[in-house]
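If you scroll down you'll find the structure; I have some questions about it.
As written, the chain order gives the labels A, B, C and D, with residue 1 at the start of each chain.
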Amino acid sequence: MSQKTSYGFLGLGIMGNGMVRCLLAGGLDVTVWNRTPAKCAPYVELGAKTASTAKEVIEKCDITFSCVSDPEAALQLVTMENGVLAGISAGKAYVDMSTVDGACAQEINTLITAKGGRYCEAPVSGSKGPAEQGTLLILAAGDEALASECQEAFDLMGKKSWFLGEVGQGARMKLVINTIMGVCLQGMSEGLAVGTKAGLDGETIIEVLSMGASGAPMFKLKGPKVLKDDYAVNFPLKHAQKDIRLGIALGDEMKQEMPAAAATNETFKKAIKEGNGDLDFSAIYKTLN
Amino acid sequence: MSQKTSYGFLGLGIMGNGMVRCLLAGGLDVTVWNRTPAKCAPYVELGAKTASTAKEVIEKCDITFSCVSDPEAALQLVTMENGVLAGISAGKAYVDMSTVDGACAQEINTLITAKGGRYCEAPVSGSKGPAEQGTLLILAAGDEALASECQEAFDLMGKKSWFLGEVGQGARMKLVINTIMGVCLQGMSEGLAVGTKAGLDGETIIEVLSMGASGAPMFKLKGPKVLKDDYAVNFPLKHAQKDIRLGIALGDEMKQEMPAAAATNETFKKAIKEGNGDLDFSAIYKTLN
Amino acid sequence: MSQKTSYGFLGLGIMGNGMVRCLLAGGLDVTVWNRTPAKCAPYVELGAKTASTAKEVIEKCDITFSCVSDPEAALQLVTMENGVLAGISAGKAYVDMSTVDGACAQEINTLITAKGGRYCEAPVSGSKGPAEQGTLLILAAGDEALASECQEAFDLMGKKSWFLGEVGQGARMKLVINTIMGVCLQGMSEGLAVGTKAGLDGETIIEVLSMGASGAPMFKLKGPKVLKDDYAVNFPLKHAQKDIRLGIALGDEMKQEMPAAAATNETFKKAIKEGNGDLDFSAIYKTLN
Amino acid sequence: MSQKTSYGFLGLGIMGNGMVRCLLAGGLDVTVWNRTPAKCAPYVELGAKTASTAKEVIEKCDITFSCVSDPEAALQLVTMENGVLAGISAGKAYVDMSTVDGACAQEINTLITAKGGRYCEAPVSGSKGPAEQGTLLILAAGDEALASECQEAFDLMGKKSWFLGEVGQGARMKLVINTIMGVCLQGMSEGLAVGTKAGLDGETIIEVLSMGASGAPMFKLKGPKVLKDDYAVNFPLKHAQKDIRLGIALGDEMKQEMPAAAATNETFKKAIKEGNGDLDFSAIYKTLN
């Protein structure tokens, strides 16, 4: 399929940059577009084609991916003049890899499919580094045949991809994963705070923790930094809190109690109240310590 | 030092079995003793010497390790007739690798050093598998010179060892690590419960989780089991709750709030109330789901 | 003012019944209307007038109160054919005493004032008994002059009324009060559960509690009932959970951590999961005990 | 019985002062003793007799009450030279109204009964004001016949007394009541913090709360003070935290989860960490707000 398929990619930000490079490095036929056209030049040097509008990308390509900053940008990309929707016709495929909520994914799905297009949401887990290295985790949902046709591209961008069912399940999986992540970070922070107060060396706690059964990669990454009050932002605390809050809201909907997530959420809220919402989410340590 | 040093080992249970095999495989001179003498035979075939009492092991060896089931057994091993204390004299070294609390470690320390002996506590993190494979994490504290002399033996039994300071800090490190572990398990359980209720596949949640930043080895190990209601005991829930409770008590002492650990502890208590205290600690999932 | 003012009342359910009787007993001029006209008869015997539509009530009266079951009913009462809005003209006053959320109150406010009408929300705290006895707590917000003109009527229906500011503050006050109530009930339930397990007599715990500094009337009312597994519904658990959830959501908005409310919410959710959502909110005791 | 019974009272501090005055005002025959003899003079003016040692009080009186500051003082009063125990003989009755823990009550019970004496613990709920007004809540446990013989005296000192069973149940009741009180105060504080941030007036929140179903007397008392940052100590925060911690420990023992109490405890710990342990327990508001 790869030789015949033509791919589009809309959005060349931090994430899109790495993803497109991976697709090009894999020898795929990629047409790129970005709101600021100048950003396209480096990809042309690597073999990419360009188009003057998002509409044109959709029209020229079999499958078009996008990755923009948030739900508002994702929706605007679809509905704006000369946007995605303008180019959609029967059989065209659109795969939105932005992080949006389930309702937004549903809305885009309705717009695309009403014009005969095919749609997948495919939010990713992982940030700048994994995007460049092609080691993202890809959480696809929606049109299963389409997800299957994306496999080659997904394999270039990610270390693994999953098809999770109907539109919305990709967003839900991301919430569940991020809620668990928040609780684990909270657990580390509480343990680090009490351990150092009890005279244990913080770096050593992280080292022992990292080598044992609960040794998540995040602990090795964040632990030494919080001990130095280094909260350079990777995942903003206020975004992490939003995900935990939505994870708990999913619990409300499912009538699933989530006591540790709830306790964690309250700490994150306190951290925002204390003015740390724009720091890295590991800055809950400041609030707890 | 290794050629000149003679080692003793008291206690040949699940943990001691693996640890002694590692010492013997490393070519060390080891004298073993067990309450049930017949248990010593397999180690003699592997090159171990034996002695008829714990006292005799202490007298014959430069450094004697022990690993028994709990604080009571650890204390009895020291104080019983023909026990450890009976053999201690100036310069003899005793390293207790059992999991005991700080108070018990202090008491044994006082008894040993009052007779001129040297003492380390060295509780381990890891269970049967790591004991056999020599990949335990060894949390030593007490006599620093002694811990240093144990390095060759520690390297055979563990993948890493740490010297943590005065007697009690080994036990405290273990509490901190196990409290964090409890919170992480709770986070996974809450996420798994809400995610599966929302229609996500449980195995997939574990898989995505395991490949991401919060992917602790424990999730891969426990997740698929709890989804099958398999709570075959590895670490009993009631022991895990005891550690979390003591971790929070350390927080009380240090005036460190630990809200997620506290929420976790209440779930563990509820699980015990529901009759699951003797199952694996992952059985909190039964209570939450 | 009372001799000149004519009052309307829409909705003669459990709450409206008591409230209208209090207004009539106070000698006010009241015109009633109910979806089921037959329900009006008893009030006519007590001196009330009737009208055939809500629109007609509004047109005939200076100030019209309403009290219906939920936000949907409240909104429908306003917008339906021959409803409230149809009767509104410059200077007409409408006071909605239903329990609605802030958004709904805002919407009704916009509709009424766009036609030149005046509007207050005035949700009440208290149930059937206080409605009949005229001892409700009235939480008014919106048009301050109107709230002031309602004083005589409020005094007949309630033991106290407050003017709380702009539309939405009445609903918010109710959320805050109900969230605190949920936490207090949770506290009582936890104490009762642990105390009785420790061999203390449940009735005695309630009695000691009730005579002390934290002796809320609710404890005396609910305590003895939960001890007999009597959860006859007064305030449905699922409604109480909704209020606590919205109270915490207000905390999210204000960046105010609410750890005990969050823990309480998780217990309420668990209770709903266990099938007790339609019982009285005191049925959290079943889940905790 | 009252004319024939002679009463002793040991300890004339803040609590004892009020209690003795109530006994004297009721016309009882009371012999007082205090570590500082000069403190006895005012009571002599009111009709009290005095003795030079605690031993002498026990010997002269049928029933001797005591109320001292803490478990250490309570135990010392019994075991010191010329103390309570020195005077105990068959049939002598001793009723300790100090706040002690169950273990201390048990120890005093063993000492007194071993010499043939009779013993009750009778901790009280209430502080200075109720002691002076004779409106304490008296939580008696131990020798039931003795508690019954104390009824006249209890009625003078308290508005109600209960007999709760074996020694230790008085202390346990106090823990349960104080744990519930802590959760209720936390609930009020969270509600007050979020409500005021949402623009509601704090005094009004307290007023509405106080007139409703969860209107505990404490809210009216503490609410307006915390709004003015007035934390003049009535019940020290660190003592309140100790009681909540012990209440949760009772939950551990009984395997009773107490999630809101646990969340509350963490807030109290944080308040102590922030240096507010010696303020009134209502100072958790500073930590939450």
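Throughout what follows, contacts are C-beta pairs under 8 Å (C-beta built on N, C-alpha and C of every residue); 3 or more make two chains touch, one makes a residue touch a chain.
Note that the structure is a prediction, hence the values are computed from the model and not measured.
The chains touching chain B as well as chain C are A, D. Chain centres here are C-alpha means, and the one lying farthest from chain C is B. Both copies, chain C and chain D, contribute mostly matching positions to the interface they share, with over half of the numbers common to the two.
The centroid of the Cα atoms in chain A and the matching centroid in chain C are 43 Å apart. With each centre defined as the average position of its C-alpha atoms, the distance from chain A to chain B rounds to 39 Å. The residues of chain B that reach two or more other chains are 251, 255-259, 262-263, 266-267, listed in rising order. Here chain A touches chain C in the complex through residues 245, 251-252, 255-259, 262-263, 265-267, 269-270, 272-273, going by the rule given at the top. Partner chain D is touched in their complex by these residues of chain C: 125-126, 137, 139, 159-160, 162, 164-165, 169, 172-173, 176-177, 179-188, 190-191, 193-195, 197-201, 204-205, 207-209, 211-218, 221, 247, 250-251, 253-264, 266-267, 288.
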